[in-house]
Structures are given as structure tokens and as C-alpha cells.
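Each chain gets a letter, A, B and C, in the order it is written, and its residues are counted from 1.
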Amino acid sequence: MAYSEKLIDHYENPRNIGSLDKNSEDVGTGLVGAPACGDVMKLQIKVGADGLIEDAKFKTFGCGSAIASSSLVTEWVKGKTIDEAGTIKNTDIAKHLALPPVKIHCSVLAEDAIKAAIADYRAKTAKVDDPAKSTGKDESQAAAE
Amino acid sequence: MPAYPDQVYLDHNATSPLRPEAFDAMVEALRTGGNPSAVHGVGRRARGLIDKARRQVAARVGALPAEVIFTSGGTEANNMALAGSGRRRVLISSIEHESVQRAVPDADIVPVDGEGVLDLAALERKLAASDEPALVSVMFANNETGVLQPMADVARIARKAGALVHCDAVQAAGKVAVDLHGIGIDYLSLAAHKFGGPTGVGALIVRADAPFVSNRFGGGQETNRRAGTENLSGVVGFGAAAEAARGLDPTLRDRGEAALLAIAPQARVFGAGASRLPNTTYISMPGVPAETQVMALDLAGVCVSAGSACSSGKVHRSAVLAAMGIEDAEAGSAIRISFGWNSQSGDIDRLIVAWRDLYIRVGQSDIANARAA
Amino acid sequence: MTAITQIRRNDQPIYLDYQATTPLDPRVLEAMMPYFTYKFGNPGSRSHSYGWEAEEGVEKARGQVAKLIGADEKEVIFTSGATESNNLAIKGVAEFYKDRRNHIVTTVTEHKCVLDTCRHLEQEGFTVTYLPVQQNGLIDLDRLREVVTDKTVVVSIMAVNNEIGVIQPLAEIGKICREKGAFFHTDAAQAAGKIPLDVEAMNIDLMSISGHKIYGPKGIGALYVRRRPRVRLVPMIYGGGQERGFRSGTLPTPLCVGLGEAAEIAMKEMDAEATRLTKLRDRMLKGLQAKLPEIYLNGDLERRIPGNLNISFAHVEGESLMMGIKNLSVSSGSACTSASLEPSYVLRALGVEEELAHTSLRIGLGRFTTEHEVETAVDELVRHVIKLRQMSPLWEMAQEGIDIKSIEWAAH
């Protein structure tokens, strides 16, 4: 079970660790996985006025492959529109990092995380557009569903 | 290697000294260590060594690496095959090793002829006697006589009758060519120490699509077929020996045999009319008990044995010779001389001289007495 | 201790996985060498000096192993390792006495080879009671007393757990078994040579020992089988009748000699080594506790072998931690066929919650562990735990006072 150089690089020098203000209207947060399963990923995107993702941050509780997968995804989504970001496939992640078969689920989780972040962002902007009041639902819960 | 320059070791069928290639590989493995199942670097390196040995052993017997299950030796491999095939109806030859005979005490016994070769017609008849799917267990070469069994015919006949084939190749591997897939064997037992590998390690080769159920439970090693932390240094030594063993040449044996028969014309080589391993002579000096010969030869610095080396101190009548129809009196005077990878021409000279001295010495007493009686 | 303090090459990581396997003690290798070379005979060969010499080596080793556990040398049989010993002991007695007794008692924290053997015997018609353990990893003796009956053939309880190092109360267990007429088997793979064992004082009837856990070679183990009162077994491997008929097969002389030598060294150095390792272990634990909040020791600290720590580093996933501490060889549970990285069933049995079980490392110290290595290990662990916690969304939540249990996590 030897890991690829790219994977090790992302594990050792993870890009974009950190948190964005989850309450900000231009930030979408995805929180996926479960502590009992040994993987939790929090992935956040900040979308600029031009509709491009201008920043992305992550925090991950999980194995090296999970950390590398989420780090890679934050790099990939920057500068993309949210529609483009939504097309990222777990197979691309797995292929890029040469994940061993037992670690494929890490790439699935990373795809889930970006999708959840996009969904959260879309829900927020829909609320802004919609004059009706927000439901008050916690975004982390929404994301984890 | 020989720290006893005064000793000539001609008991390789009991065990063979370690080949230098195996020794070097083992010492390295013993020093580096590691549990091959651990995920860290030390463990992964150990795993790599095991995988290499698996390829080496597989290549020696015409098998695939994934078909190799490492065991603690030939006895365990035989027991595993006989218990693991799932076949309750088992046919074995009348000259199988104890580890086969005792593992299947209710087996149907197929006889051998006077040369110690399996009676193929009897095998065919016995297989046809029942529709129940069977397992046929026949050794590649006998440990006492060295007689090679007609494995290709055994496999063909078994296949026709829908039977699986187990072959105890403990004495044959590394001495003559063994080809699992070429012959059509389903289960093949190997022991490293019979051809210059270490004791305490062997293998059961299970053909990829042959049924196999393990009876040993634990950590799931050997792809769930044989639990227990791998004998790392042993497996590594086994692999190195398997790669180094390129078969033996019968020249030494033939020269020795001819000389012994010239000295004692009434002596007899068992199985001489059959194809044999290139290293084994099973010979009688009529009228002289095997124990006497073995002791006298040992005093002369030549190590041979009377039959097979197992647990017993007692030398008992050879079941193999009995199965070949040899009379007790003659069987009781049979000794086994077996050469190996490091045997030299001078070893044979020593044997010939010691045997001649013994023959002359007892010729005046025992043989005369035996004749008088 | 002798002069051997360092057997690691400088380019190798620091080895802290002594419960998975131990390096071969150079003194053991030295004792084995002649048997790999000129004393290569088959101990079953009775017709020449090569055979006799090999037999002498084997018998000396048998005596050395017997002495370590207070047994008679005739009661020790050699096997290919502790897995085989455990299989043979449990299956062997169960099958031999099955007409009279059909119940087996074991614990939920046994090594996999014991549990798998018991499960197999359940399929064969035996009833098995899997005793739970308390939060400290030890069995409740009253519970044991309740479940052992006159139908119990064997009670199999490990002496020392391979993941958390806790020592079960062997003498008390032995007493209960003797009272009820059940055989007492103990898997002492992790205990032999590390804590005093006495088959007489502890009423042990069967005991499994492993070579490579006590600085001996792999591929060799032993099973102690009591002769008075006699314990009988159905063998698993038939053949030449070696080892009192319990275990056929040519004995691997160099490996037997190695196990014997390892046993003798372990016995001689047990006290001094225990003192030294206890100091090192305490230093490691205190060093980590001083610098890291929210770390938890799994298993009892007092009733534990000195060379084991099992620690949960909350909010840091164990595998990612292992990947970070490249310079340390540790384990995230037991090393079997490690492809499975599920949280340890041993920790779950102690009541450790799954999310915490995922953050656990087993750190094994041993004969060649140095003070410097312990210091280095503490530094590396602290550095990486801090780094990974900064990366951990769970740590972030804990800092913000969010109870992660209040969140509805998606099951997957």
C-alpha cells in the first residue's frame, strides 16, 4: 500500500486549510461524513460577485487520503463557477492522487463535500433572492444530510 | 560449511543442509525483521520479502504466486490438503508418508508393484467403484526408495473420474522438475528443508480453481487460507533455496550404486527397475541388520539412515518395503543413502570404503552365521 | 542489560510496535547460527551424530521454555507459532472431551485466532460464552464464576491483551476453573517473558507462547500441555508422531533453539527490563499528557505490561497520524491482515466510543527502545497531533463548544 507522490505532497503540505465565515452570505459550507466512521470533511467556498469561486478552505478529520482529497478539491474549485465545480467527479480525484482501492471512498467524500458546499451556497442565495424569511436551519446540518 | 570434516553426510532425504543462498537471505531477514501485516514501512518491507519468495517458490513448481500458501512444513501442507479439499472419499497409495496416512486413516489404499510404482489399473478400478467425488493423494517421489510415481497418468485417470489430485512433492521438489499445471495437480505439498531451504517452512500449492477450506483460524494471513504471523526468515530462505535448486545429477549415485553392488553381489537396490530420484539409493546388505550397518557407517564417519527419520528412536520395519512385497528379513537389512546439493565425489569414495570394510568385517561373522542358520 | 542498546540502522524509523513483533535479539541469532549451518541435522534422525546434535539443541530449548513458565520440559510442545498453539489448544481439548462437555468460555477481547476458533466450534455444536470486559479491559471474576459450569470444557482467557497490554487475573481464573473442573487455556503470546508466569501456581492447563513476541524468531511457538492431571488433545497435524503425537512435522531446530534462548534471556532480564520499560513508558505518557489536552489512555495502567500504551488522541484520525509520524513505526490497532482499518473491537469492548476508537494508536516499547527514541517519539507525536488538530473540523467544533453528538451525522 504505497502512496503516490501527489498524495503525500497534499497530505504533508495541505493547501487551503482553514475556515471561512460560515454565516457570510457569499460562503457555502459542506460538512460530510461522520466521526464514528472515521471521516469528516468540512469544505467551504467563497463566491465572488462575478460568480467565480474566489476562495476555498477545508478541514478534515480522516486518513491521509481523505486529507489529500479535500486539499486537492479546494485547489481545483478556485476560479471555477459553481456549476463547473459541481462537475468534479470522485474518479478524477482518485485518478489524480492514484488512490488505492481501499481509499476510493475518500474521493467520494470529497465530491460529496463540494456538492454540499455548492448546495449550501445556492440555498443561501435563494434566500437572499427570496424575500421570505430564512428557515433558520443550521447550515452544517443541512450539509450533513 | 562442514564443521566436521571427518563426516560425510548422505542423509539428505531426512534433511539437507542450508544452501548458502538461503542462509544469506535468511540472516538478512532475521536482522531486519518486521511483521508482514503491519502497515508501517518495516512491515511493508517484510511483506515485500514474502511476496518475492512466493514468486520464487511458484516458479520452481510451475504454479502462480497466488496459488502458494506458506505452511510450517510438508506435514502441515499434507494435512491441510487432505482436510481442505472437501472430499471425504480419499484414495492414497500404499507408500505414502505417515503425514498422509494418518491424516486420512479411512482412506482407500491403492497398491504398488514390486518396484514401488503405483498400480494404475488398480487406481482406475477403485475410482470407478463409486460415484462419490474423490481425492487421490499420491506422492511425487517416495522418501525411502526415491521411486518416482507416474503423476501424469495419475492426474489423467483422476481427472477422467472427476477426482481431485493431491501430490506430496516433499522429496521431489528441487531434485527433479515438478510442474503443477503441466501435470494437472490440484494440491502440491512442499518442504523447504529437503532441498537446501530451512526447516519449519513449506508450502501447499492450491491450483487457483481447486476447492479449499482452511481449518486454521486467526488473523487471515495467506489470503485467509493459513492464519498465523508468517515465518519471515523461513519463507525468505525457502524462496532463495527454490530459486537456487536446479535439480540433481544422478552421476554420483550411479557410480556409488555400481560400486556397492560390485562389492556385495547379493546386495539389492530397491526400486532399481523404476525411474527414481537422482539422489537416492535404498540398498540391502543381506544378513546384516540395518541398525548394525548404520552404526558401523556412522563410526566410519558416513551418515546414512535406516528408513525414514521421524519421531521414533525405534527402527521399525519399512512399510514401504512391505508394500512392495519385500520379505521382512531382507527389509531389515536395508539402508537409505541419499545425496544432496553439496555432495561431492569424495563423499562417495568414503561411502564405498566404509561399506566395503563393513562387508568384509561382518562377512566372516554375521553373514556366515546367517547362512549356517 | 548487556551492551546491546541499539540494533536499528540509522535510516530506519524508530520501532514502537513491539506487540506486533519484536526484533530478533542478536544473542538469540548467535545461538541459532550453528543450527543453520553445521548442526543442520533432522532431530528425528537417530542413526547419526547430526541427528543427535539437533535433538540435543531441541531438548535444551524445550527445557528453557519450560523453565520460563514453571513447567516440566515434557509438557512443552513446539508449534509453528501462537496462532497454531491457540487453535490446537482450544479445538484439541474441545474435540477430545466433546462427549462429556460442550461449553467454552472466552472473552470478547481475545486475539482473532481464538475468537475465530471459537466461532468455528459453535458451528460444530459447541456453546460459547463470550465474557465482556470492564472499562479497564479486565474481566469480572464474579461473572466468570457464574458462567463456568460442569459442562464447560475449557476457559480460554488471554494473559495479556495484544492491543491494550492489560494483564488478566490468571491465578484467580485458574482457581475458578479448577474448582469447576474446566481446563484453563491462556494465550500468553504477549505475556511470556514479560511478566512472571507459573503454570502450577496459576493452575494453567494449556498455554500458548510465541517466539517472535519475545525477541525470538518467527515461525515457532510452543504449547504447554499439562501432564498431571493429564490434558488430552485431538491433534490438528498428523504424521510422524513428533511432539508426543500432538503435533507432527520435522522440528525446525534453529527456530526451537532460538525460542529457547529467547525464553532464557527474557527470564534472566525480566525484572531489570520491566523496571527500565516502566520508566520509559511513564516518561512517554507524561510527556504526551503534558503537551496535549484531550488524550485518553485505554486500558488499566496499573495492571498492564510495562511496554504498552494505547492512547486515543481525540479529534485526530489514527491513520492520518500514523502517516504523519513517518519516523515512528506504531500501529493503529493489532497487526493482522491490516487491510481492514476498522476501529478495534478491543477498544469497542471497553466502551470506547467509535469516534474516539478511530483516534487511537498502539505504542509498543521494548528491549531496544532507548530514552532518546522515547523523547523523539513524544516530540513527533505532539507536533503532528497539533498539526492535524488544526486541520480537524471536529477539533474546531470542540473549541467552539459544539457537542459533535448534537449533530445529525449522515451514516455511510
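Throughout what follows, contacts are C-beta pairs under 8 Å (C-beta built on N, C-alpha and C of every residue); 3 or more make two chains touch, one makes a residue touch a chain.
A quick note: this is a predicted structure, and the numbers were derived from the prediction, not measured.
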Chain closest to the middle, measuring from C-alpha centroids that were averaged per chain: C
Comparison of A-C and B-C (more C-beta pairs in contact): B-C
Distance from subunit B to subunit A - Cα centre to Cα centre, in angstrom: 62
Euclidean distance of C-alpha centroids - subunit B vs subunit C, Å: 35
Intercentroid distance (Cα basis), subunit C paired with subunit A, Å: 42
Shared-contact residues (touching 2 or more other chains) in subunit B: 39
Two or more partner chains touched - positions in subunit A: 1
Of subunit B, residues touching subunit C in the complex: 1-4, 7, 9, 11, 14-18, 23, 26-27, 30-31, 33-35, 37-43, 71-76, 78-79, 97-99, 102-103, 191, 193, 198-201, 215-221, 224, 227-235, 294-295, 298, 303-306, 308-313, 315
Of all residues in subunit C, those that touch subunit B in their complex: 12-13, 15, 17, 20-24, 29, 32, 34, 36-42, 44-51, 79-84, 86-87, 111-113, 116-117, 119-120, 210, 212, 217-220, 236-243, 245, 248-255, 322, 326, 329-332, 335-338
Subunit C-facing residues of subunit A, complex: 1, 3, 11, 14, 17, 19, 31-42, 59-64, 66-67, 102, 105, 140-141, 144-145
Contact set on subunit C toward subunit A in their complex: 315-317, 319-320, 323-324, 339, 341, 343, 353-355, 358, 390-396, 404, 407-412
